[in-house]
């Protein structure tokens, strides 16, 4: 260790007592773990919900044990009603998109590792940081509470298209209280994430250790930084949209509800609202949200991969540049969700081109990953396996985006299972693989215990193969024009596809079950895993220069001085190592990666 | 482990391609005059992206196979061309695809959306509501009677809110639950929603268009095969969404006139 | 010692049971033998309007279910001698609060059969349970929309094929609550919620209101298309008063 | 080469005053309590954070603006409403409050000596707070005026947006008032960081800019 002497004053004193230490903690590491736990709870809930949906889709008249017990009205005797299916679908999507894909890779890992990787003691505003978690938790509770009030949660889908989401209970079960609770929850969630960005951005800009120049920041730091910039703009737009929606519900305004609507034979009192307004506001948030979910994954994969390739990626600048380009373009492409929405067909074309073009930076990143494996010293462990899995998934999901980027083809594929397959692969599964890669890579640092590698590999194989078995067939269903968000397929051209649905259902149940291996692994290893050394993966970035788990103020009162970039691998380092730590003494001048 | 992963990736890649190459599950065959444009566009995209998909997955697999678990004795090598080469490659490959698909695609899109319906296109009105479509034919006078939302009542089957006692134009309007059209006659479909957002999707006809409450939208298409096809809703509209359907029958001109007379009699 | 407590509990339980039973018996107004009834016929004056046929083609199941016999709207249904079906008759004035408070123990059944409501109209007492069942192999949703002013709560629930019956009741008097199935927009019926004795006319317009205590009453007849009519009637002890209604065809 | 933090920070660090004293005037702490990361030339995080916050708030109001424009185009039911005159008075009050806040901050430049709470210059702070309260009260009067005309939140899209935008702004102003009161408290109790003061001032001025923008928008659109 080559560090500064102890700092006379700490940023803030270590908390005393259980409550301040673990519950209302202002320590970014604890807050990170809290976010991670929230993500775990949400992902398990969401997964169970998806099981129920899948079983119902495969065997529509099957009585699902347990469901009847939880909602006697929604599933009399375990027999699912259409409204319950849609409500479960909505909750699955909302939980996964907001409370898993946004929370886990961004808020959880970002909180834990961003300050450490830039060599800071903590986030600049620890109390705001604490608030951001608790606000997010409140949002989660409000959302889940909608299961238990009135006639259940909203069935309007995670996109909550108005006017279905705005005209109230007459439109269907859950469209009263349930819908309002949904909007309230999402509005609160936006506040939580904005508070998060309030910390992430200054941390990256102002709290970097001496010598931690922009070009020496790990990929993950860049990813979280870019993500918080996107979150800043996206969530700041979604929040007022939700407020407008709530007002339409409870205050009788007409922002989204057009004139002369007749719902259930009753003339709706609202007038003059714009239906497309909601779609524009929502998707202006919605598409960047997709990248908010995936960019941290890209960062984690780049970080994990270069460690396990034992070489830097081909070009640091190109990867960062591509990420920035993606973030920038993501605001110009949202219209591709609305090709057939009655939007001006010219603007459909206008939206189509950036959508196609945004695949260029994505392709570049993938090619850089592929090219970097060439003649590397790839190490196979759970983390690197999931990183490689991420690449495979990202390729598959990204390429299917080419279909949906074209208005012409969208006429056939819009709102079919092709879309479901596409965004699950590229956004959900890929992002989740990123989360897994991060967990297997960072768990030793977070908890000071090693995860069980054997279980990790089993988990990878079941998840990797399982995910493909689930989501590839979705594309075939889409080509067969199988419409999504149907609770059953009756007497129509989709009946012959039911066997495919059953296959998917079985794959989903199996893959889901495999995740409990992971749960067991992290819980068991947390307490009984073998103690983790300081730098188990022979990595170079700052989080590996400190004990596992890190002390309260990360660097034990010292201040790292960064002298090398984050990926000095495959070099002839000090005492026979093939890498050089970021804070290694100036004296060590590593050779550039040796050519063969 | 690494070699196994490589093999698995290749098996998955090729396995995923089989059902598509083998046409296991396909959309209903096209029965519209513009549909082939979409189908061509689709198959072009399929070929181009399919190749990219297979190639990239296989490269990934091969690299994993070759370069996993190499010891220190192997030197780190650099991909010929390096990052710059890859950037150029990406721009060439993706760029060409973007131009090929994007530019050519606009042609088909324009065919559907920019070309106005012909002068003698047959107007048919469709109204979407929870959870059914209803259709209206203008009748002999060729004029649709005005709609009075306050008079809409499914209880009395006045789905469009027509005032047949006062509006002359409404008297001969023909309201039906099924859409029948003559073959090889261009149809000008006038769409409006009664309550919420819905969508009008006829896979066999290669048309899909949302209903937007408060907006009057329109579509035009020509069917060139006699038969009975499904109209489904693709915009989540509530608990009955899955069962929001109607049938579109393409008839010979004579049959169509017969059918229209029957329906007129039932009004 | 133990047995002592057991005995005490037994005694306690027994006494509670006795009290409950007594309470139940007292709450039920014992039907007096002196109760009379009101019977009669509801007719339509003029020719019944043409009822549009119903096209169920959106749901192939419904089409199959009704193959052979075409279905039509049920706004006005006349039987032999122009008798009006589905007319609800109830006592709108003259009942003491105690009399109007008592409710029958029977449970009216509202069946969803061949994508139609059978019967098209059911009458019930305030707080009287009614049962919604489905005999169809397609999913229906039941969506009654009471007037918000009355204090009745609207609800909307689906019944998949083979679903358990929905048993519920209405808290307030309301003539009449429209009920519909959104999945099959043509399915439309009424819940008529009244206080005190009531009756619904059969295919030929005949009705009998049972268990009417002696006295002077105003009887109101409700028909979904023609609205309501009221007439006065006197019921003698143990006798059956006769009261006919006639609605004019518009 | 190890660097001593004390050495490195001495140049800018003025020893912080403990939570001790009413008796002694609080000192400025140019050190701002930020983490000492020795990344030369990086501003205190709070001055970055305030721009982040301003960006977020701007996005929110931009979204509402576009919503308003779209909504105005979508329906035929848009009735122009005449703005209550008091709004212009409120504008003057708000801008005045910014001026007074500047007067206050001017005396507190890191170079300058820190005056005691009794010092007349601190009065400027309280004046600012009072003006801020007046502004919010003035907005409330404006709402009352509209309601007197029978224009409520749901009466018309124009009134909906009026209430929505003004209320959203008022909420943010109240937040700013909270910040100023916090500063007042810091003055009495412990050290006041220059950065805290600068941030609060930036935010408060932003409230002016935002309000003027809203006023022009409402005046032009409603």
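Observations on the structure shown:
Just so it is clear, A, B, C and D label the chains in written order, and each chain counts residues from 1 on its own.
Going forward, a contact is a pair of C-beta atoms (placed from the backbone, for glycine too) under 8 Å apart; a residue touches a chain by one contact, two chains touch by 3 or more.
All values reported here derive from a predicted model rather than from experimental measurement.
For this structure, the chains sharing the highest number of C-beta contacts are A-B.
Central chain by Cα centroid: A, whose mean Cα position is closest to the mean of all protein Cα atoms. Annotation: 51 Å between the Cα-based centres of chain B and chain D. Here the CA centre of chain B is 47 Å from the CA centre of chain C. With each centre defined as the average position of its C-alpha atoms, the distance from chain A to chain D rounds to 34 Å.
Between the CA-based centres of chain A and chain B the separation comes to 30 Å, rounded to the whole angstrom.
For chain C, residues that reach two or more other chains under the stated contact definition are 59, 138-139, 141, 156, 158, 178, 180, 182.
Shown for chain A are the residues that touch two or more other chains, namely 81-83, 172-173, 258-259, 264-265, 272-274, 276, 488, 490. In chain D, the residues touching two or more other chains are 74-75. Shown here, the protein chains touch in an arrangement that is not a line, ring, star or fully connected set. Chain B meets chain A in the complex at residues 1-2, 5, 8-9, 12, 16, 19-20, 24-28, 37-38, 41-42, 45, 48-49, 52-53, 56-57, 59-60, 63-64, 67-72, 74-79, 82-84, 86-87, 89-91, 93-95, 97-98, 101-102, 105-106, 108-109, 112-114, 129-130, 149-150, 152-155, 161, 193-197, 199, 201, 203, 206-215, 217, 230, 232-243, 245.
Taken in their complex, chain D has these residues touching chain A: 1-6, 33-40, 42-46, 48-49, 52-53, 55-57, 59-60, 62-64, 66-67, 70-71, 73-78, 153-154, 157, 160, 164, 168. The part of chain A that touches chain B in the complex is made up of residues 81-83, 86, 155-157, 159, 161-164, 167, 171-173, 175, 257-265, 267-268, 272-276, 310-311, 314-315, 318, 340-342, 345, 348-349, 352-353, 356-357, 359-360, 363-364, 366-368, 370-380, 385, 388, 391-392, 395-396, 399-400, 402-403, 406-409, 411-412, 414-416, 457, 464-465, 468, 472, 476-477, 479-481, 483-490, 492-493, 496-497, 500, 570, 578, 593-596. On the side of chain C, the complex with chain A involves touching residues 59-61, 138-139, 141, 143, 145, 154-164, 166, 178, 180, 182.
Chain C makes touch with chain B in their complex at residues 52-59, 73, 75, 138-139, 141, 156, 158, 178, 180, 182-186, 188.
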